[in-house]
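A, B and C are the chain letters, set down in written order, and residue numbers restart from 1 in every chain.
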Amino acid sequence: MNEKYIPRYDMTGVIQSIHEYFLSVMPAGLAYVTELVLIGILFLLFYAVVGLILVLAERKVAAFFQLRLGPYRVGPWGVFQTIADFIKLLLKEILEIKAADKFLFNLAPFIVIIASFMAIAAIPFGYSLHAIDFDMGLFYVLAVTSVGVLGVLLAGWSSNNKYSLIGAMRSGAQIVSYELSIGLSLMTIVVMIGSLQLSTIVQSQADGWWIFKGHIPAVIAFVIFLIASTAETNRGPFDLAEAESELTAGFHTEYSGIKFAFFFLAEYMNMFIAASIAATVFLGGWMPLHIGNLEWFNNIMDYIPAFVWYIGKTAFVIWILMWFKWTFPRLRIDQLLTLEWKYLLPINLINLVLAAFIVLMGWHF
Amino acid sequence: MNKEQLIEQLNARIQNIEITEAKQILEISTAPNHLFNIVNTLKTDAAFSFDYLFNLMGVDVDDKLGVYYYFESTAHNHQLLVKCFGISRDKAALPSLVSLYPGVELLEREVFEFYGINFEGHPDLRNLFLPDDWNGFPMRKDYYDPINIVER
Amino acid sequence: MAHHNQSPSEMVKKLGWLHKVLAEESDTTEKEMTDFVKQQEIISGRDPEISEEEYFINMGPQHPSTHGVLRLMVSLKGEIVQNIKPHVGYVHRGIEKMTEKMTYKQIIHLTDRLDYLSSTINNHAVCLAVENGLEVEIPERVKYVRTIIDELIRIASHQLWWGVMGMDLGALTAYFYGFRDREKVIDVLEKNTGARLLHSYYTPGGLMRDIHADFQKDIKEYIKYQRNLMNEYDDLLSNNVIFRERTEGLGIMTREEAIAYGVTGPSGRASNFACDVRKQHPYAAYDKADFKQILYTGGDSFHRYKARLDEIKESMNIIEQLVDNIPEGSYTAKMKAVLKLPEGTYFQRVEAARGELGVYVISKGDKVPYRMKFRSPNLSNLGALDKLTRNYKIADLVAIMSSLDLVIPDIDR
């Protein structure tokens, strides 16, 4: 990219001054540690808030699709429902399973939640609103999110419950397969950008989002990414690992109280991360909607803060994912694998070649 | 096939039965040792082809244990009730019809637990509704349970 | 001894009837003890006689997709179902035994509790059996009203099933759509009978009370509403790719199998088994209406689904033909206060929402039946489940079970 796009409301200055303030009152090493702790706390807060909002949103969206009102009693329009739920989960008894492998049983929910927590660190929320801006940020996010499946497998295995085990095995097969589609569909765009760094990916979309710029391959990749990320986050119609009507609750059958809440929260955070990645790579992340050289339009769009763009796009993708869940019946495990290996993967590979060809010919913008 | 024709055919083709003409349905009575062969004929003989067993019930009438089989033919659309009495109360046994009508598996289990009739040749004969350790056969008329049954 | 037991046939025999016969004669023998240990091993899935990969899962009695307290002992290899042993009896109330102490009018109220989703059809069967025995002529008005209400109940039952089928396949939204429309039927019935689920509206000889003044108007409004919605059902489930994939060609039952297993109702008719009692042995006012017997030749889950949806449409046709022609007259025949059936055997077959329901009465001339038997359509349909689901996956087991539409209280009685 020739020059960096800097949004109208730039946070860099604020962040810089905070950093300088810390440096002025304490030694450099301590300042970094303090900043790390502060950012950690900020992320924890963000995590909790996003979790609460998403759970409420899911219930409201489900209610909308199902001709119901959804939560309506706790607070205005039921906005405090999730908080009430959370308090209930906190107060619930944590069941000890006698025949379970205790260490792994207790470890599993933490692996799941830490994986999603780590992934969120690399997401760009706005210009320079990054915890870490890795050179290969996209690769890092993909690698870290797929660690979560370890937690699911451990949970299923250690519960000593056959339903859990079947759920975990399904989840394993599913995530290993769909990891390919996620990687390849993102690769289609990465080929056009030539970088894995998330900030560069966003910057590259200053003159238009990749879903518009990338011709047909980008659209195909976007659709595949949506399907694959639904599978990756174990949500309907790919919620085979839980499959309520088949496996009661799948891998988290034996979990109760706060440990169950961890799985529950992680599912929503994974959805949030998947939506963030989709928004960042295909829909421009925090980048406002720009149309080529249409200056007056671009200027109006610039008035909307970057963070609002980011949240709006993520919410849009999340809404699509919820729409999937509340419309489609569940697939069977062999149909799920057929879809991946016989349809999505070949389409993806051809799509990637197509994208590479476009880049080679210099047809992309 | 109407009732008269059916009676004619039954008389001609099957021995060891007693035919009575009830108001709703034609009834034949037979003894346990002839039951299987008779039902086999009823099912396989093209003149009858009673392929659909639409009810199987145990009875305990006048101190006699028995089983009623209700048959219908989907081809000829006629119905027949086969009554089988003459089962000893102590060692109650009847041939199982599972090999002819696989659907009676559960129905025979029901009769077995309620009337104590042992269906010989049944692949999986155990209690259907009641617990395995239930004593006695509740639908027999001489069954007495002062704890669970309140007489009014 | 534990209630569950999976094993080679000799062992089952041992624990089954022989155990019962020998119970008085012998105490627990050593063999019985080893059997017990073996049984426990089987339950925990560690039987040496069973191959390494095979294991058992208890689906139910508390399981979201068994719709009640049915317990299926599923033998699995990986996810492939090897065989299924249904265990029933968790809601066994001994209704057949209870009827032996109850008058015919009282029995009506018990029959509601059999298949609670086709409650008035159960009432109808008993009423017809009693009327048969007493040889009373019931007014035409009663016949018409009974037919219409039976069909309304059938629609309500199929709507609930439609929603639940969606839920079993993971499409929760269908469940709410099904219930939304069922509510409308229930409202019509509630206005007329006063009850929403267990109506007990029929009595031997007629109806409990005359129909509500708005009865015909409400029904016509409802049918107009429901006709528009049948396309929505198709859009949401029938035409959905995933739904089709999950049901088409799965759990195929041939016509011969359906007859041999006695699988009736829409499940049997999807296999081309013409078992509609309304057509084969007409009762009430069904001979006055012109309707089709829904028959399909596919015999798979999808055709069982399709047969039920078409039945909703056909039921609406029947109602539309009858609702304007309800004759004037008394809502009940003149009946004695105490009904005593003359000595003899009577039976009546009717078409309940899930198949053929039969009521079989042996009377000794008392005011109570000597023996009363209910032919449960669900018990026979359950009998075919093992055959239908072999070598399919757990997910298919749920789909096939859902397409059979089992109601557990009717199985247990």
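Miscellaneous remarks
Just so it is clear, a contact is a pair of C-beta atoms (placed from the backbone, for glycine too) under 8 Å apart; a residue touches a chain by one contact, two chains touch by 3 or more.
Remember, predicted model here, so these are calculated numbers, not experimental data.
The central chain here, found by comparing per-chain C-alpha centres with the mean of all protein C-alpha atoms, is C. On a Cα centroid basis, the chain most remote from subunit C in this structure is A.
Between subunit A and subunit C, the centres computed from C-alpha atoms are 46 Å apart. For the pair subunit A and subunit B, the distance between mean C-alpha positions equals 64 Å. The distance from the centre of subunit B to the centre of subunit C, with each centre set as the mean of the Cα atoms, comes to 22 Å. Contact with two or more other chains is made by no residue of subunit C. The set of subunit A residues touching two or more other chains is empty.
On subunit B, the positions that touch subunit C within their shared complex are 22-25, 27, 51-55, 57, 59-61, 68, 70, 74, 77, 81, 91, 101-107, 110, 112, 116, 118, 123-133, 135, 138-139, 149, 151-152.
Across the interface of their complex, subunit C is touched by residues 62, 65-68, 162-163, 166, 170, 236-237, 239-240, 243-248, 326-335 of subunit A. By the touch criterion stated above, subunit C contacts subunit A in their complex at residues 45, 55, 57, 63-65, 79, 166-173, 175-177, 180, 237, 240, 242-243, 245-246, 393-396, 398. Across the complex, subunit C meets subunit B through its residues 1-3, 5, 9, 12-13, 15-17, 19-21, 23, 85-86, 88-89, 92, 94, 96-97, 101, 132, 256, 259-264, 273-275, 280, 344-347, 349, 356, 358, 360, 362, 370-371, 373, 375, 379-380, 382-384, 387, 412-413.
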